[in-house]
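So, here's a batch of structures to check.
In the two complexes below, chain A is the common chain; its partner is chain B in one and chain C in the other.
On to the complex of A and B.
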């Protein structure tokens, strides 16, 4: 429980600061929201991931330069009727990943609706990433890469096609978000003790494509 | 009973694969006590079921239900106390088989997506199409399609797959499952599963209000950590503690739920919070609290279901249906005014 972030280290060297961000995953049912989180947090993949009821909460940290970014991840239920609960989860979120399934055009439409809602109702500076999941099934795709890319550019979203199954771009999408988030003092939380086991802290700097 | 042999198995008596972190020692200890309870209850229920007058709602039946219905009698007793038997008489002919014919393709597609995602760790649900033996995925599909087509206002709500799934594991009968699901959704529970989920939103507010009134320190602590209640309670209400608490405990709760109604859910919720008040208050961070709650529901307090069921009727104190409904009305009004 001892290590603390901040400039108070006795030897005077600047220690990595710790920033904490709330991130929410939104998107139609069965597009792979929970699978993306499971891959990112535990490095696992289940062919049949149980449907999420309500929401699930997990944490994971990534390192960006000299900053440790700690994500508080809210994974939500996708079915339309759970929509009324969603504002509770995206309220105060600094980041969102809106997920669709590249093999299902309807889920892309639904993703757009989520983006609109976030732009209207979430925090004004929220960093939104659009993730076209199930990229391993590209031979069955019904949403073209270019189409999604154009939409993302138009709306200033981060965009990647991901695969929770093969791990393609999963860490990368979280890392891209971490890089884009403002790491000013407001988000630095010096009261947070660095407890490795409790945080499942793994630096996912395997990426390196950026 | 199957229970006795399941102790060392990788699967429990309902076909669920035990998780990797399953505490076998704790479970052994629990079973060594619970088997005696089961033996006594089995004897008692054999005589209840053998009575020539049949089942009759009474305070003594209520007491016996609170002490647990043996697995082999659950289907019959649940159908009786829930009112499903009476309800069934209101319909002419075999409505169930007719309803299983798919008419609403969108509904069927939605349900189909969730089939492999329902209890994937259960041997009765994760069978491939070709393998032999009971395959509850097909039955679950038929039950959910039938119910969704029967009650178009509700259709299919995620969460119902777990409830119907567990009902199938207990009754091994899809028609009984259909009727029990109908009783839960339409008579026993408020409007949890409809498109507006109005009853759920109300009950989420009610439970946080009840905690505020009964355990103000816990309530204040949770709001200090900005822990929104729905994070935990949505699943408690929607799944009726299935996928939350140990299966045997869930079924003991359902025994009372079918007989006494939805206030049982509040008793369970309040008991969990009350028993773990100190641990909850000791959490300094939102993250700790989330981990703490995950630990609680896997721990001994809910595993020892016989003791836990005794506690739910003592620990939270008085909770009348009248007061509860009054509170539901108030909360619902307040919520609609906020809109």
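On to the complex of A and C.
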């Protein structure tokens, strides 16, 4: 799996494209949004990850074919009370991961609401992924894989069940998004110098995660 | 000296009317909600000191015979005592309005073009005019002939005033200089001209120039000497109006120079056991609360008496109660607590199944208790009984204030209190006291937070106008990057030990109840150079600020915040808004009415509304935001 989705060696040229995308994480409180980001960005997992207040911002870079994709990740507070702040974060986002907790049916309902809101109010071409997190607790599951899959297909969402705790499908979901994002000139960031050493470092770092 | 600066804005100084429009209504700021608009004439008038927008009521035109007429300078920089006392004492004397165009940041036309809202440069003062017979188009058209405007990116009805158009006949005006070229001679010439020119011209374009000097790439910046010339006070003894202590009406521009120098405010020792014991009389009453609070403000409280002192600071125990009275009070409060606790404890599963509002609150609490401060020894480990206490107190608080319920952030506010009290009843009542101060942070519509963020912007503008200007220009004027600081009183920024000190300091409400905003200014001050030099945008600023967590020295921050307060307090000519935030006299009133408060956050509210509107319309660009 690592090889399939993992970074590929650059073909010796320094002409690789670098694209930058804004990605926002949305979902009910305590479904594991921050944990997914922490796993993806730092390879860590905190059992008692504290609640997010306001928003957090992190970046991570992945390689897809000949393109380096830099994610600017907005991690938001999940509680309904802070809903009015959400548009500030998803405005202009090219990608979103809507997260629910596979052990909690309510959070799946909430995820659907987020998807609807994004479809209505976010950028029209936004790439949305649905992530059923806490897959390590599948024995306590209350949202069936098939149910979520069917919903995702219906709404043309990328879908994976993930576990920030075991790292299952965490990098995969981000990579799937990176592959689906249009890597046209619009998103190429000309200000980032293409540096072969940095490229290799990124690839090595990324490889360490698999 | 006095005479000259006064005459500038005096009615008797003659001006040329550029444009006049009748049938325009205006409601003076001192009017009550029910007051009706007065009909009058809106004009643009050119004076020797610059162009102004003026409004005169119809029925007093007969009195316009010179200096007797009262002018309400809707100008935040005017000495607050002068404008507010006039207005407060007799609203009828607000006969006319004159606003220097250089004071206006933007205008917005709404209500089917019948309402013209002028937003002043401090972003807090707004003046609205109502076009009663026609729309505002012809007026705004004339306005645009004297100023350059740019439509707001966030709101298509808002136009920002970029710069006043300079009279073509004025020699060596700013338009002659291409400020964006990198020729040093030009800059020097500009400097020498600026120094020799009437200061009015200089000041009207000052902001543009300082922006050039301060925010251009370092390698394109003119030599340090030039920059220093502009940062320091211009030395022009022959021009009395530049003598900061005397000039009137221009403090908006000179405020940086006008702040008194900072005085060091070293921190003190924490309140000791002996001091605490000595503060009580034989019956256990505390008489000199003021002195006690002063000690706590300067140095905090020793660990061993914290659990006792906090009960007073948080209003659970009255300062003047005797030991005996407190024992009785505690008994009553214990009973009350357990009565409320029983209410949720005794709920049957069937009841709960049909009580979704309760269930929602309970679920949120369960989620957050499990992840609050689990690295603290007090809460660490599986099945820690203190987690049960945290849960019980929060659940009981839901029954105490069901409407507010539980909002994320509350468990952060309770955790240190519970760890100090170790007793659920005492912790509950202390938490109630804390929540009484901060419940507006948890407003459904975020209005409490928006208001504070707006007040923070006001203070920052007074202390570091360059930084607040930078933030405005980098999509961060809403100060949202400080949301976490203010919501949970820096709980996520400092260690547990530091938070206890910081909170007890802030609970004294010394030197003002908005001290937490000064703490924010003190922190931002330290980061100012990094933010500006790196030319950070909205995301980088938020990331940088979030990453300051656990990297700050609390004592330094507190000392700086105190020094900033003293500096501001001793500085004359603070804006009314600033004085109001600091609770200083001259800021209208200490207990500013809610309508005034609302107007304070209006700027932000507009911004938020514009933002939400943008989102409603959908962002169709899909392009990576520019960096």
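One rule holds in what follows: the second predicted complex is superposed on the first by the 178 of 210 C-alpha atoms of A that agree within 3 Å, B and C clash if a C-alpha of one lies under 4 Å from a C-alpha of the other, contacts with A are read in each partner's own complex, and residues count from 1 in each chain.
Note that contacts are C-beta pairs under 8 Å (C-beta built on N, C-alpha and C of every residue); 3 or more make two chains touch, one makes a residue touch a chain.
Bear in mind that the values here come from a model prediction, so they are computed numbers and not experimental data.
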Problem set entry | chain C versus chain B on the shared chain A, clash or fit after superposition | clash
Exercise. So, does A:30 touch the first partner chain B, the second partner chain C, both, or neither?
Worked result: both
Problem set entry | Partner contacting more residues of chain A (chain B vs chain C) | C
Exercise. Which of the two partners, first being chain B and second being chain C, lies in contact with A:94: first, second, both, or neither?
Worked result: second
For this session: Look at A:84 in the shared chain and tell me whether it touches chain B only, chain C only, both, or neither; answer first, second, both or neither.
Result: both
Exercise. After superposition on the shared chain, which partner residues are touched by A:72: those of chain B (first), chain C (second), both, or neither?
Worked result: both
Exercise. Which holds for A:53: it touches chain B only (first), chain C only (second), both, or neither?
Worked result: both
Seminar exercise, completed: Footprint intersection on chain A (chain B / chain C) at 29-30, 47-51, 53-55, 57, 72, 77, 79, 81-82, 84-85, 88, 92
Exercise. Within the complex, which stretch of chain A touches chain C?
Worked result: 20-22, 29-30, 47-51, 53-58, 72, 74, 77, 79, 81-82, 84-85, 87-88, 90-92, 94, 106, 120-126, 186-187, 189, 191
Problem set entry | chain B partner contacts - residues on chain A that touch it in the complex | 29-30, 46-51, 53-55, 57, 59, 72, 77, 79-82, 84-85, 88, 92, 192, 198-199
Seminar exercise, completed: Per the touch rule above, chain C residues touching chain A in the complex are 363-364, 367-368, 370-375, 407-409, 411-412, 442, 444-446, 480, 483-484, 487-488, 492, 539, 542-543, 546, 611-612, 614-616, 618-625, 627
Problem set entry | Complex contact set, residues of chain B against chain A | 110, 113-114, 116-120, 126, 157-159, 161-162, 194-197, 201, 226, 228, 230-235, 238-239, 243, 285-288, 290-291
